[in-house]
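There are structures below to look over.
You will see chain A twice below: alongside chain B first, and alongside chain C after that.
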Partner chain A sequence: MSSTAYAEHRTVKRRMRLGLASKQALFAYAIILPTLAILAIFRFLPMLEAFYFSLTQYDLVHPPKFIGLANFVDLMGDPLFLKSARVSIAYVVFSVIPVLPLSLGLAVLFNRSLWIKNFLRSAIFMPVVMPAVVMAVVWTFMYQQDGVINTILGWFGIDPIAWLRSSASALWAVILIGIWRATPYYMVIFLAGLQAIPADYYDAAKIDGAGGWASFWHITLPLLKPTTLLVVVMNVIVAMKVFAVPLIMTNGGPADATRVLPLFIYQTAFEFFDMGRAAAMSVFLFVAVMLFSFVQVRMFTRGEELR
Partner chain B sequence: MTGNAELVVARPTGPKTPAKGLIARLLLRRGTIVVFCVLFAVACITLLPFYWMFSSSLRTMENMFSLPIQWIPDPVNWMSYVIAWQAQDFTRYFFNSGVVAIAITLGNLLLCSLAGYSLTKFHYRGRGLMFVLILSTMMLPLEVTMVPLFLIIKQLDWANTYQGLIVPFLVDGFGVFLMRQYMLSIPKDLIDSARIDGASELRIFWMIVLPLCKPALVALAVFTFREAWDMYIWPLIIITKDSLRTLPLGISLFMSSYGTSWDQLMAIAVLGTLPMILLFFFLQRAFIQGIAATGLKE
Partner chain C sequence: MASIEIRAVNKAFGPTQVLHDVDLEVANGEFLVLVGPSGCGKSTLLRMIAGLEEVSGGEISIGGRVVNDLPPKNRDIAMVFQNYALYPHMTVRENMAFSLKLRREPKPQIARQVEDAAEVLNLMPFLDRYPRQLSGGQRQRVAMGRAIVRNPQVFLFDEPLSNLDAKLRVQMRVEIRSLHQRLHATSVYVTHDQIEAMTMADRIVVLHEGRIEQVGSPLDLYDHPANLFVAGFIGSPSMNFVRGVLRARDDTHWVEAGDGTALPVGGSPQGRDGQEVVYSFRPEHLELGATGGGVPAKIQVIEPTGADTHVFCEFCGTQICAVFGERLSVRPGETIFLQPKVAGVHLFDAANGKVLTNGIGN
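Now for the complex of A and B:
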């Protein structure tokens, strides 16, 4: 083979390889395109529009009118909005904190051999299976004055509580349902985290004479730190988005006691048709959600080379 | 990251009974009994709403708030199911919910795995950026974007349509993440050797990659179906026509119009939960895997 022919042969080969590579790249772009298109149109575009609408006055009938930051200024002086924000914060704080020890505790108890364990685990998991709307309907019934919850409380000598009818207890009633539903969900995640801890660690600790509590404090808890952080973050995000249960059970009442932010956004937009104001509230919710989901995304991409 | 869709199986890490004498064994036994009692009590709390929902659907209205409270319905009354089912077009609502949930599930299975495949087995410019962008949609929940999304759907003339209920949710950032993590464990050699054998890219994906992803796909399917069946806020915003109502809308409407017919309300609640309970019993492993996968694996 002459040297020119060889060179030619090499270029052809390289071109062929390049052709193959670009064909593969084309395929790779083509199969991710539908995903990118849907997310661009139905997630990113609405978010950008939310920022835009938050600067306008818009009632769906007249075209949007640019009013600058007036919506935000208004909101900061609106007692209803401030109340709603406070309700949301209270809901998040008091429905997230108890779930943490409860779900971790259950996971630890399940992480051992036990009679009819599988049955018990399935039974405790059941709340995750119940649709949110059904949950709202069933608990509304259970919270009735002569309902089953007050009956059971009566066994322990506790006087009947007005639950959903009193502004003092309505939020607690809703929070209780959130805990009931979230605990088994995060129990499953903790259980997965627990099972990732090598058994050798515990064996070694036992040889060193560490008891059950000592190995829990010095092995389990430190190794579960990433799982715990993720559980808190996910749970906070879920709690910030709670909507169906307060809408159906109380419609935000009594006396605005359960009007969480998503519910207020919904009512402002689709009952009072004040799209601009609702969008401005959405921006507040977005910032709050983003602070937490940023941590989540960071954890999901941790230790990866992203180029 | 092979462990992502691994089953949550309990490893018997509990202390085994060593022959340390009777007292130690008794203490251990007592510990086990305490644990059992605690878990049993918790199970009673988690199951109470289910039992109460079912038993109340069979109780007659006269006995609904009787004193003392009636734990076992007597007489048993099945009529509430028939009456409730006919009070509104629940057949239609069930059908709509089924169509929407199945379409969203199939869409996610296909699009999430395609995107995951693209993100793991190919090298091209902007791949990392695309992954971060897709993942960051998890920061944009519907509760934040509902107002403009509603306006977009209205502009598309998709209010009161199936596509309005389905298309925005055909793919999900978390689903892509789940599939990507699972696909990282598929060896590249397998794909390369199929290429050498002359298989087309699409054929490789369909015949080699997808079958290998079965555990992740089942987990994703169950997870997505559950969320889609549960969807409430979005249909509430864009559906006003009765013939397009989904089951959650039907149930909440029933609640506002028949608010005190508790027997019928509970009957409908039972029927609305039944598909989820069946799914859970038949696909329990996948159900729990899907949720465990929302956590992290080291």
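Now for the complex of A and C:
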């Protein structure tokens, strides 16, 4: 083949390859287009709109009026908002931290061969498949003065507690449900993470002289780091968005003890009809979630890329 | 250093018996290779020596001490795994130091031991890298380093080279062998690759369906296979088998192949006139006869390997392979005349596969 003919052959080949690549790209775009369209209409547009509303005064009846950052400035001096933010932070901290050891512990337990494993695994997973509203109603009954929980406490000589009626205990009651509901869900994620660790590493560790604790500490935990990051980030986001359970069980009371931010946002928008202020709080929550997640990812991946 | 003794060892997974009464001794400092097709139980036996699988019956001792109920860490063994099993979140240095760290050895001593091992294996430049930053051959070396760093009594290798490409495999084969010559550690090496077994072993154990078929030095197995399985498994290209009937008249013996061809047998083999046998010879034990001399064979495929020529042809109704050291000017479709060298002929009992005679010349 002469050199010109060869060069020509090469060009033709390259053109054909490019053609194929762009065809494949077009096909890919065609496939994701419907999803993108739905996301854009029902997710991104309302989000952008919320950003806009946060800069307005809007009561759902009269057209929105642009007022700049006034809503945000107002919020910073609003004791109700600050109280609600504090409740949300408490909810996040105390519902996320216990879930980690609980879900990981259960996952490790269920990763072993246990004859009753399948039954227990399904039983423990129940809270996840139960609708939040049903769950909230059932727990409300259980928390009542003469409910199951106080009855059981009574067997041990403990006086009945006014779970949902006392501002001292209501938040704890709500947090307990959050833990009860999140633990099995994250257990399944940890279980998937555990099963992705090749058995070879444990064999090698046994030969190297590691016992159960040493393998867990030196092999399991470090290799579960990506899973743990996922669980913490997801768990924090879900906890920051908790809404249905406090709405149904306490509606934010007593004395605002359980008025988490999402509930306060909902009430501001649809009970006080202050859309602008509610949108401003949403933006605040959005930024807070983003910041938290960003910091967590940075903390976990310090110095090394995720595997 | 220590010897290993395996006495009547059995292993069952539920109702499936994977090892049947295995008896084996590994001498102090010996390099023993367990070889067999997949599913023959070789890895299971190795894992039982390591303590990663329980012993269902029988006894395993290392250095005179029964280890059946000892956990791996108390057996003073090291193991190299098929896919290396290097901890991905630890550097090469940490991987190699892990066992020493668990034993709470003093830090300066750990550092010295790791560096000594790294020196031996040319791993010094990689000590601070993570396994994912290394090539397959380097990972393999780290796995070896992790094994030698604590100077164990026994090395166990579980198909350590099967993930490497052909060229690297040959190179690592030599390295493992020379490492063994330097350390003289008792080693048990599992592979399904008979070439690896032949080239590395002091002694080879051929396992098949959970039973030991034969134990011996590589050339012993090659020249004196005890049964059809070993004969077919050891050697590449593998031994040729032609079914026939043993004929004896006075002092002469020959085998009558299925198509009536008389095949020569030297000496006086065991077996009686009329017994069904498998007439066997290695590809290199064939002579090219002149036209009319020997058995006519129709050439099907010719594979020139450079060093020698592999000729696949039909011989007495069976496909066989013949290897010639010289280059041949023949083509597929042509007929050549082949004469088995009597000295290289083995006869096996067709009924049970046991050897009747191994070629007298070997």
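We adopt the following convention: the second predicted complex is superposed on the first by the 258 of 307 C-alpha atoms of A that agree within 3 Å, B and C clash if a C-alpha of one lies under 4 Å from a C-alpha of the other, contacts with A are read in each partner's own complex, and residues count from 1 in each chain.
FYI, contacts are C-beta pairs under 8 Å (C-beta built on N, C-alpha and C of every residue); 3 or more make two chains touch, one makes a residue touch a chain.
What you are looking at is a predicted structure, and each value in this text was computed from that prediction instead of being measured.
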Request  = Answer with first, second, both or neither: which of chain B and chain C does A:262 touch in the superposed model?
outcome  = first
Request  = Could you tell me if A:222 is touching chain B, chain C, both of them or neither one (first, second, both, neither)?
outcome  = second
Ask   = Touch check for A:135: first (chain B), second (chain C), both, or neither?
value = first
Ask   = In the superposed arrangement, which partner chain does A:200 touch: chain B (first), chain C (second), both, or neither?
value = second
Query = Counting only touches as set out at the top, which of chain B and chain C does A:243 meet: first, second, both, neither?
reply = first
Message = Counting residues of chain A touched by each partner, does chain B or chain C come out ahead?
response = B
Request  = Pick one for A:208: touches chain B only (first), chain C only (second), both, or neither.
outcome  = second
Note = Note: overlapping chain A surface for chain B and chain C spans 307
Remark   = In the complex, the residues of chain A that touch chain B are 23-25, 27-29, 31-32, 34-36, 38-39, 41-47, 49-50, 53, 106, 109-115, 117, 120, 122-142, 144, 146-148, 151, 180, 184-185, 188-193, 195-196, 199, 202, 212, 226-227, 230-231, 234, 237, 240-241, 243-244, 247-248, 262, 265-266, 269-270, 275, 278-279, 282, 285-286, 289-290, 293-294, 296-297, 299-301, 305-307
Query = chain A touches which residues of chain B in the complex?
reply = 3, 6, 8-15, 32, 35-36, 38-40, 42-43, 45-50, 52-53, 56, 65, 67-69, 111-112, 114-115, 117-119, 121-124, 127-152, 167-171, 173, 176-177, 201-202, 205, 226, 229-230, 232-233, 236-237, 247-248, 251-252, 255, 262, 265-266, 268-269, 272-273, 276-277, 279-280, 284, 287-288, 291-292, 294-298
Note = Within the complex, chain C is touched by chain A residues 198, 200-201, 203-211, 214, 218-219, 222-223, 225, 307
Remark   = The answer for chain C against chain A in the complex is residues 47, 50-52, 71-73, 77-79, 81, 83, 85-89, 98-99, 102-103, 132, 146
